[in-house]
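In the two complexes below, chain A is the common chain; its partner is chain B in one and chain C in the other.
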Partner chain A sequence: MASRKKVLLKVIILGDSSVGKTSLMNQYVNRKFSNQYKATIGADFLTKEVTVDDRSVTMQIWDTAGQERFQSLGVAFYRGADCCVLVFDVTAPNTFKSLDSWRDEFLVQASPREPENFPFVLLGNKVDLEPRSISSKRAQQWCQSKNNIPYFETSAKEAINVEQAFLAIAKNALAQQNSAVDLYNEFPDQIKLTNTQKPSNGGSSCC
Partner chain B sequence: METSYIEFVQNSSVLHHNFQKSQEECLRLKERLDMMTRDNKDLEKKLDFARKLLDQEKSNTKAVERERDNLDMQIAQVKELFLRDRNTRRVIPEDTLEKLAFLDTIRIDNEEAPHLSCIPEVNSTGSILSNFSYSKSEDDLDISGKFHWKKHRPSTGAALEQPATKKRRSSGNRIVEISTNDTVRATTTLTMPKNGPITATSVIEAVPLAPSAPISNAYAPSAPPPDTPQSKESYKHFREAPGIPSDIVFQSWARSEGPPKPVRAKFERVDAKSRQESNNDIGYGQKQHVLQMKLIMMPNNCIVCHKKIGFTKSAWKCKDCKNVCHMECKDQLSTLCIPVVNTPNQGNGLGVISDYTGTIPPLVPPIIIHCINEIESRETKEVGLYRVPGSEMDVKNLKERFLRGKAAPCLNDVDVYVLCGVIKDFLRSLEPLVTKNLLKDFFRAAEHNNNQMLFQTISELPQSNRDTLAYIILHLQRISELKEVKMPADNLAKIFAPTLIGFTSENLKDKSEVITELMQQINVMKFLLATPPSYWESLIHVNQTQCGARLQQTPSTDSLLIRSTKTPMRLQGNTPKKRRFFPTPPDNRY
Partner chain C sequence: MSESSEGEDVRELFVQDGVLLFSATASFINFVKSVGTLMITEYVDNRRFVEWKPIDVTVDSDIQDQEWAVVNTVERRVRTLSGNVLPEHKNRSKYLRINFEEIKSFRISDKSRRLTFNDGKTEQICTYLFQHGNCEHLVGFLKTLVKTVPSRRDKHLFIILNMNDPERERIDKSFAELNVCNDSNYVWNIWNFQERPVVTTLEAFAKITDLVYRVPQHREMDDDVKEILNKSITEYQHTSTTLSNGEYEVIDCVSDLPNRRDFPRGRALCSEQWNGVQDQEGRIEDSECLKLIIFQGGIVPSLRQEVWKYLLDYYPWNSTHSDRQKLILQKSDEYFSMKLQWKTMTKTQEDNFTDYKERKTQIEKDVTRTDRTIDFYAGDNNPNLQVLNDILMTYVMYNFDLGYVQGMSDLLSPILHLMQSEVDAFWCFVGFMNQLSANFDADQVGMKEQLSNLHTLLAFIDPELATYLDNHDSGNMFFCFRWLLVWFKRELSEEDCMSFWEVMWTGFPCENFHLLVCCAILDQEKQSIIGNNYGFTEILKHINELSGQLNIEKILNDAQGIFYQIKESDRLTDVIRVLLGLPVLYNSSLDNHETSPFVISIETSNESSNHPPECSVDDVRISPEEIQFEKSISSNFI
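And then the complex of A and B:
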């Protein structure tokens, strides 16, 4: 059913300030890396058309502000997300430590239907930098403890692994959309005869 | 026989009745008498009280009048000096003479009203009483709360109008010397608009003199009249003073809000060079430690050598900032003395800035001063100051240690990002420095890029908010100038805007509304950061010279004021607000 409509995937990028969320998004969408050092205000999004499993998908990538103060605003953007990307800086241990709180925060604010199975993707950014303080083993352990979250080590500057990571993100998000009813679609949907797990008024639970 | 007996009985019963009646009457009258005497006593007490108040008021009036006369004399002397002395007349430029023409009119004004007409001396006792008891109860309210520790402070109440500056001026000052080769040049500028405030600025400079020039000549033409207390004061400075660079500039100014009020004299030394060199000890630079010998019972580190001070060893402890140092380290003691402030509402993070500031201007919380000083003293060039997060745990711990009201923790080996985090976190836990009622004005000023409007609005902020804002902005401006840090004003504005400026309402549901307000905040912040540092410095410096009585009042009145205007919001309770503004990640992080 999803193939009939244009699929829109809403992806949220979360993480501490200055881990490279904006850079990752820019690298992926515009294939550009800027040396500019600018804090993000509130949230911003870019879209990109990709083909996943022979299906054309529009990815709407939301880049949020990592500053603590902006989080009161960020929550407004979490709702209706299909996938959440957690980013940390492999050279900054603090950014890794706060992943837990970011994840919990997202689950609380976005209140997805199946918190356990909601697709997260973890990106360890800035692998081009030395010295590393978070080993990939440690990151993977964390991922395993959180229901096998996929983990990628990326560098927005050198464009290492960025494509692959976002492709995985798209796949995960799509899988999430397929597994559940498309609640966030703005068009009123037909009556579905397929196996739907959720009552049709479940959409109100997210508001 | 029988009839007469009956008559007798009847008579006696009537008599008995009468007797009882009169007894009752007697009792009643007695009671009334008691009541009256009690009333009388009360009234007498009241009368006494009123008399006392009247006396107090009269003495106040006298003091004020004396002050005024004194100042009149000063004005007269200045007038004499400038108008009668031909020599001077030639020296003074035309426009100054024009300004001085107002001297006459002002004198006449004063003669018309020899007594302060605004104090109703012949008013009925009742009204004074009620007036006074009203104000008294207000005082009580003030004192009975968390500010009762200020009660013992001198110079509250009666002598309010007397400028306490004289004492301060002569006591706590650096010592200055003028070598025989120097001359003193004093320039006094009096501005006397018809209705506005009178401003007199006198700049006294020590100027190196060519060895041949006669000293007496250099003194004569433009020095202020030697009789006035002000100039005496300044001369004292010069005579007592050893070892001052000769380019130091002294400045004094007097200000008043109109003729009937006494002119409040203010004195300030401005040393432009040294100020630029040590920007970070603005205000607190002069504060000396108040050292007391103590037996150390709690393990504590010496602030000079950072080594432990042993149990039951004697050591010096500063009464104000609670720092300790070894007996032998005392000579090298140079750390700033920033008095520890007891925070009335420790524990719950929400509050207003004035709860955390001391009573000595500038009213900036010690936690901010310490952190900013430490960051600046390191001359760090780390990328992303204030943007890169510090370790949550460290930030939380350090902040708690600061707010516990003990001596300031040693910051030597604290990560600079943690320091930034503490500052951000502390500010975030308070209400924004820009109060809600002025927020719209700030938005408007930034929108029109109107400096005048901005200054006006800033001046309306409570003092502690204003001082702290100035202190932080000055620091941020310095940070933004460091190229290596990569935090230009733009970036800093984004980060601090929601914290320092705040939103008009906490319940902005609409995303677009939030974004537009954010943009406005950031504009305001950019505007503030673009305001020249000299303005912010003047804010901190002027405040420093305010007289004691006003300073003490400020924190309490401020917080009361804020509380009253914010009641509806505060009533919403802490928990919902906390949740909205500090969602889980930052919650954990402090």
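And then the complex of A and C:
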């Protein structure tokens, strides 16, 4: 078993401008929603202590600017990430279309050791809004095509599924860290757990 | 192991970052004033080189190591490249590379911050400025690879003794034949002394020294000659150890700037002063004097609406009342015709115009979240949001290449609030954007350059803090990104922000004064940062949390103090002068690239010169003439 040292999980939230990255982070960490968040400039992060599988971990959640030209600055922040959260707005089709480039971008810039096994989690945000333009099915198909990325439908405004989503994010991030440790300790079996983990907390709109 | 081109194997024996190319041969002139990495390399055939590459050269090949990499997948379209984009370089053959054999001497100056390589024909090959620390380590390493001897004429000049040089063999032979060591007079008369007295002297001297050092047992010398030579050698050692460690000066790491003076803020520009400087027809004669008053104390709020129009280049300072009336009508027409352009765009047009639609969507997203806590923009269906939107949309039509980038709505918001007029706010915003457009380059070069310049200034003012940041993954200064992008808009209250901007717009006391403002804040936070042993994340957090906590009066006071500390420093360098727009001194002939014709002597070791030089003289952007800054602030302003 790995040591009981305090664990720090670094999570990066990516996605188009105005999909709700800052709101999701604040809803999860501070349990607050505001209509008055400004567009993020540069980068910021919040931390939250959580217990995952009986382990106490600190999540460090990074929020970055969504406009594409600012992404060339991301490298400094992506390094050492344990999980990448991709966010789109279920009422804005373009934000869904951008997911591929956000994912690719992250892999290029963060260059994790095993890109094919690096944990991503997809959040379809703003489910409280109508009309909806991206169905659950469509989002899940995309997730399947990307090596079964867990998918959650959330509302940062109404606090729907946010807690569950971030718990899954924490678990995936922890598994990523453990897999690195286990590789080192020659317990490769546990890596498979990471890959077979089902998005079971996906809420009512899942599947 | 770094990338090698054409299958060449190369070892990097020594690498130093943060080295600015100060002057170079014509083919590298485009890179002059760029920061890069200086290396000593060895190729499989044992040839050694001094190589320099600008920071961005290896973006494509070496992406993980570049904090600032511009990634192609992100930038699908090129919109507003800054014009400073380096040509795509991949190969080492594109680096500024000097074969060791080319280097006949090198000179260390500026307290070991400046290193010049010479080709032995009294011409410089290139000069580097070491922005982080000094060239001590590099020179130390270089000296393990080549044998050098300090010049007698110039203790900072080191002549490289080339063991395999046939010329040297010849001269050795000549010396022997001339029995030089028995008749020192000959030493100074050999060769074309008249044609090249300095070099001839230096070479002759170096060779004698070399002879003495290397093979004294083979040379028979008269006692008096020995005495002269020994005395000379002792003198070198003496001169070079006076202020130095070994053979060159070591800079003191402790800041040796003059004491910081206090510059209390002055009184704000008031109506009496404002009316007093206008002539009967409404012209403002002494705009510099006005700007100085504004620099020192800002503007009383009731006058802002009018004075900002001048500061933001909407109204010319020398315009009369009637000129301005005409101007207002003309600018109003111009504005509304541009507004009509996008207002009349049909849905089909929009759908077929992706770039336009993207800008439009982004503006809509940002307008609804710009300063909504300020009454002027608060509440649902606030009509002022529509005006904010319309001005930004019209700006897209005015400058489509730049378009709309996040942060612009922050810059417009206080202007519109103050102007209360769509047309006036638009033209003032245009003036502001003319100053800040580089912040919004698609490739972010303008921001990278500012962050790099900020580091350069900080390293000069406070080497301890700069080194601390370097050692804690924060040398890229990214934690100051938000400060610089929107000029502290997110850190200050609207009132403070207005006071701050109007002071910045005056252009006093120097260029890039906003960077000194950053330095003033960092100086203030230094103890927290170092005392708490903050790392990358903590520094970022700490700086972000200063939002709403800054005392702008104190910071402006400190920044002004820092400016005079720099200006009055006896170690002020040309790099810093250029950054602050102070007159550049060319006080040393060796450092003066104006009088020193460039010689193209870049080693083209891969005989296959398949890559023609990509930087032609036509591309030259920085010339010595351009560095003649018009502005020279005299201290009698204060």
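Keep this in mind: the second predicted complex is superposed on the first by the 176 of 207 C-alpha atoms of A that agree within 3 Å, B and C clash if a C-alpha of one lies under 4 Å from a C-alpha of the other, contacts with A are read in each partner's own complex, and residues count from 1 in each chain.
Throughout what follows, contacts are C-beta pairs under 8 Å (C-beta built on N, C-alpha and C of every residue); 3 or more make two chains touch, one makes a residue touch a chain.
Predicted model only: the values in this text are computed from it and were never measured.
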| item | value |
| --- | --- |
| First (chain B), second (chain C), both or neither touched by A:Asp128 | neither |
| Which superposed partner A:Lys97 touches (first chain B, second chain C, both, neither) | first |
| Partner chain(s) touched by A:Glu158 [first = chain B, second = chain C, both, neither] | neither |
| First (chain B), second (chain C), both or neither touched by A:Ser111 | second |
| Contacts on chain A seen with chain B and repeated with chain C across the two complexes | 17-18, 37-39, 41-42, 66-73, 75-76, 94, 101, 104-105, 108-109 |
| Chain A - residues contacting chain C, complex | 17-18, 35-39, 41-45, 60, 65-73, 75-76, 94, 101, 104-105, 108-109, 111 |
| Contacting residues of chain A [partner chain B, same complex] | 16-18, 37-42, 66-73, 75-77, 92-95, 97-98, 101-102, 104-105, 108-109 |
| Of all residues in chain C, those that touch chain A in their complex | 63-64, 66-71, 73-76, 361-362, 365-366, 369-373, 405-407, 409-410, 440-444, 447, 473, 476, 478-479, 481-482, 485-486, 490, 536-537, 540-541, 544 |
| Sites on chain B touched by chain A in the complex | 383-384, 387-392, 424-425, 428, 486-487, 490-491, 494-495, 498-499, 511, 514-515, 518-519, 522, 580-589 |
